[in-house]
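Order as written gives the chain letters A, B and C; numbering starts at 1 within each chain.
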Amino acid sequence: MRFSLGKWALPLYTVLAFIYLLIPIAYTFVFSFNDSFKSNISWRGFTFNNWINVCGEPGVCDAFGTSVLIGVVSTVLATILGTMIAIALVRYEFKARSSVSLLLFLPMATPEIVLGAGLASQFFNMGVTKGLGTVIVAHVMFCLSFVVVTVKARVASLDPALEEAGSDLYATPAQVFRKVTLPLLTPGIMSAALLAFALSFDDFIITNFNAGPVDTFPKFVYTAASKGIPAEANVIGSAVFLVAIIGVVLVQLNSARKQKRLLAGK
Amino acid sequence: MATEFVARGSNLDLVGIRKEFPGFTAIDDLDLHIPAGEFFALLGPSGCGKTTTLRLVAGLEEPTSGQILIGGKDVSHTKPHERPVNTVFQSYALFPHMSVLENVAFGLKQRKIADPLKRASEALDLVQLGHLAGRRPQQLSGGQQQRVALARALVNRPSLLLLDEPLGALDLKLRREMQIELKAIQIEVGLTFLHVTHDQEEAMDMADTVAVMNKGRIEQMGAPEKLYDRPKTVFVSKFLGQSNLFIGKIVETSANSLSIDVAGYKISVPKDRAEKHTGKIAIGVRPEKADLFQTKPADSSSENLIGPGEVKDIRFTGVSNQFLVDVPNIGLVTVFEQNEGNSTVELGDQVWISWKVEHSFGLADLPADTLDEE
Amino acid sequence: MAFAAFGHSGGSKSDFKTPRKTSVKVAMALLIPGMLYLGLFFITPLVSLVVTSLEVPDGSGEIGRYDYGFEIANYWAVIETYWPHIARSFFYALTATILGLLISYPLAYFIGVKARRWPILQGLMLTLVIAPFFISFLLRTFAWKQMFANESLIVTTLQSWGVLAPDQYLVGTDFMVIFGLTYNFIPFMTLPLYTSLERLDIRLLEAGSDLYASPAKVFGRVTLPLSMPGIISGTLMTFIPIAGDYVNASSQFLGSSETAMIGNVVEANFLRINDYPSASALSVLLMAAILALVTFYVRRSGTEDLL
């Protein structure tokens, strides 16, 4: 058999593409072990110090904590509001449907800089002092549409007969929601919440316009970039990455295993 | 819970029910009485309003006007969870996040009935699925899911059990098996069953009474044998089995029979088997009631005879041979002959068709494509 | 990850089309809080941006003090001053979007079509595509800066090969900014492409070749048109954030003053020199351009599809 380029070109390309996608991650990870001095530009030797003493660099851990706090609060709010809208969009008939869809679509189609500058100018015009509150307001705003889209897909794939069966079996509307609708929507709501948290946690542009003196992790990195990002920031970035990627892979393997068991049960 | 739950089923009465959806009327002035303990089938093509009727009874839709009475009590405006009815949904609608047992116990728990799990396992035993109580619904086959849905509804001992095309998703063989089982269960528990289906064989096989629905109205209602033997409208004669229809004018009326002139042939029908006694009428006969002759039989006052016509098509279905005969001025006539292994009729043969006068039936209406001459 | 949501929104295979409930009260109760929120913190800020863009200095001579006005001239002024930045932004966005599409398409095709037989591998590859999202956007960009820094191995090697002149560097050039923009937004392109390719019915391709089409023709006549929804949403979701980005082009990261984009100008005017009207006018212009583009796209695909 002759060597077929067509057969191997695409897999080979895919491998190269993944290398390209993952290089900066590997770089960040490697340099989290750099025995750096002041800035973290050139390789000076391997050390665990940055990992052990991650809060040693002033500001890093505070910024990280602030980002987590903002992420959690924004996620909870955006998920509640967004889930309500998603249910209304799929399950109810109302006249303003297309306007509602447009209003939800627009924030996703607006460049972050416009969202950030717009809110900042509104806060400025209203005389609101920027701080934690304004950042959270901004994050809920840009996460909301993404939550709606994610939950909506789940609601749409939920057979309405299930809810009807609930009420047929003597459950009041509130009980149907609690015992049937909500448990079945949970996976969709969870992935929407994770998405919202990821968006909030990594946001820099909108935050930069509305945070005032509040330092989030991306803001810290941006400010530090002019003189070189400290290795401790690489540690936090790498740690978050590892937690997230392990989580995702576990979830995936688990659902693959469930699938197999379901098929075997048949 | 205010509603009482009876063990033997209740009457269901629909009085002047009308249901409009934006842009169309699904049900138009429907009256229906279903006696307690009966297996009642609503039969009709899709879009005829049968599923809407069922959803109205379940409380999943509200009637535009009219009353729904269960056991004599007006439930027209009560919510589904307040009605003593349970439904077996077409898609089964089993809760995927609960085990089979939890599914069956759901209604009992809602009503705070003692020992829900014990009762639920008993109900599962009734449908022979006790051994699968711990599984998730997704792990069961279609037939098993169907039985769980049945158990989940039956365990509540509803006054009325609603079945929405419950066998629709099963393959033919399983369907026939489940028909027998469903009927046996109905007799055992003695509840009132309201079964919605588009499968005429299923309806005729199981139901005590069949109502044929078309365009939001009930066209005819009665015992399956009666309905088949004496359809009253063109729709019923065609939807419930097959019929040959002949259109002609009534030319002679005697004490107990009518003579109709169909393209020059004289066709008779007993007076008590005709819905009208003057003017233009559609006369029908079932294909299996007609016989083929290769030579012209002698005229007889007890038989109707047409022909000769040419055999255009012969279909072999195993149990019977189905012939399509083109009779000049009348058109195509279908005849089923039992396959007794002695048929000599071949394609292109000239044949005569005859049937007993008492097998004819006269319909109240004419086929939609009949030309209105004169 | 964000745009996974976009990609998966085209209606899953098991969507139920049943009569929707008509209880207006409940629907409104569910909708109003969220809509009110977007009205307050999305719509009014846009209005506020327009208002600010027309303001005039209040005459006190203090920096950052403006009065309400109707100074359309602000717009002419920013266009005159910043047209190179505007042109550069759209040039960068267009180039990076096209490069992103070229890089992403084969990748999405392999994951969505070729890898169907191995669902676990498919899942892992998808995870790898979104993996960059799990590490800070700024850290990733900074990593490229370090790798392409003036004393880096890459630059010195290129200099020794004569590809770069001895005093020529990469950071701060158009090339570097476009490189960074392309890299950062590849997942946003790959995911929508993957979603539409994943739904592609292989039998259609087989039917194509059965009907005497060459592989190239099958691709051009069947695969490409059927993946058009993915291409549309991918390009849109790449182009929009790139046009408004200012991290890649800033001098702390991959750019220099020579590569400043609209975003950099808005940031500088808004946050540093407090020239709010100019920053707002530029933002409004950017928004208008994007809206025009989106409208063009939406006309072809419908909002429901995108949402």
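One rule holds for everything that comes next: a contact is a pair of C-beta atoms (placed from the backbone, for glycine too) under 8 Å apart; a residue touches a chain by one contact, two chains touch by 3 or more.
Just so we're clear, the structure is a prediction, and the values are computed from it rather than from any experiment.
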Where the centre of all protein Cα atoms falls, which chain's Cα centre is nearest to that point? A
Contact-richer chain pair (by C-beta pairs counted) among A-B and A-C: A-C
Could you tell me the distance, in whole angstrom, between the mean C-alpha positions of subunit B and subunit C? 59
Between subunit A and subunit B, the Cα-mean centres are separated in Å by 55
Between subunit A and subunit C, what distance separates the C-alpha centroids? Give it in angstrom. 16
Quick check on subunit A: which residues sit in contact with 2+ other chains? 159, 161
In their shared complex, at which residues does subunit A touch subunit B? 159, 161-162, 164-173, 175, 179-180, 183-184, 262, 265-266
Please output the residues of subunit B touching subunit A within their complex, sorted ascending. 1, 58-60, 79-81, 85-87, 89-91, 93-97, 106-107, 110-111, 135-136, 138-139, 141, 152-153, 156
Which residues, counting only subunit A, touch subunit C once they are in their complex? 10-11, 13-14, 17-18, 20-25, 27-28, 31, 41-42, 81-82, 84-85, 87-88, 90-94, 98, 100-115, 117-122, 124-125, 137-138, 140-141, 144, 146, 148-150, 152-153, 156-161, 195, 198-199, 202, 204-205, 208-209, 217-218, 221-222, 225-226, 229, 233-234, 237-238, 240-241, 244-245, 248-249, 252-253, 256
Mind pulling up the subunit C residues that touch subunit A in the complex? 1-2, 4-6, 8-9, 11-12, 14-16, 18, 20-24, 26-28, 30-31, 33-35, 37-39, 41-46, 48-49, 51-52, 103, 106-107, 109-111, 114, 119-120, 123-125, 127-144, 146-147, 149, 151, 183, 186-187, 236, 240-241, 243-247, 252-253, 262-263, 266-267, 270-271, 276, 279-280, 283, 286-287, 290-291, 294, 303-304, 306-307
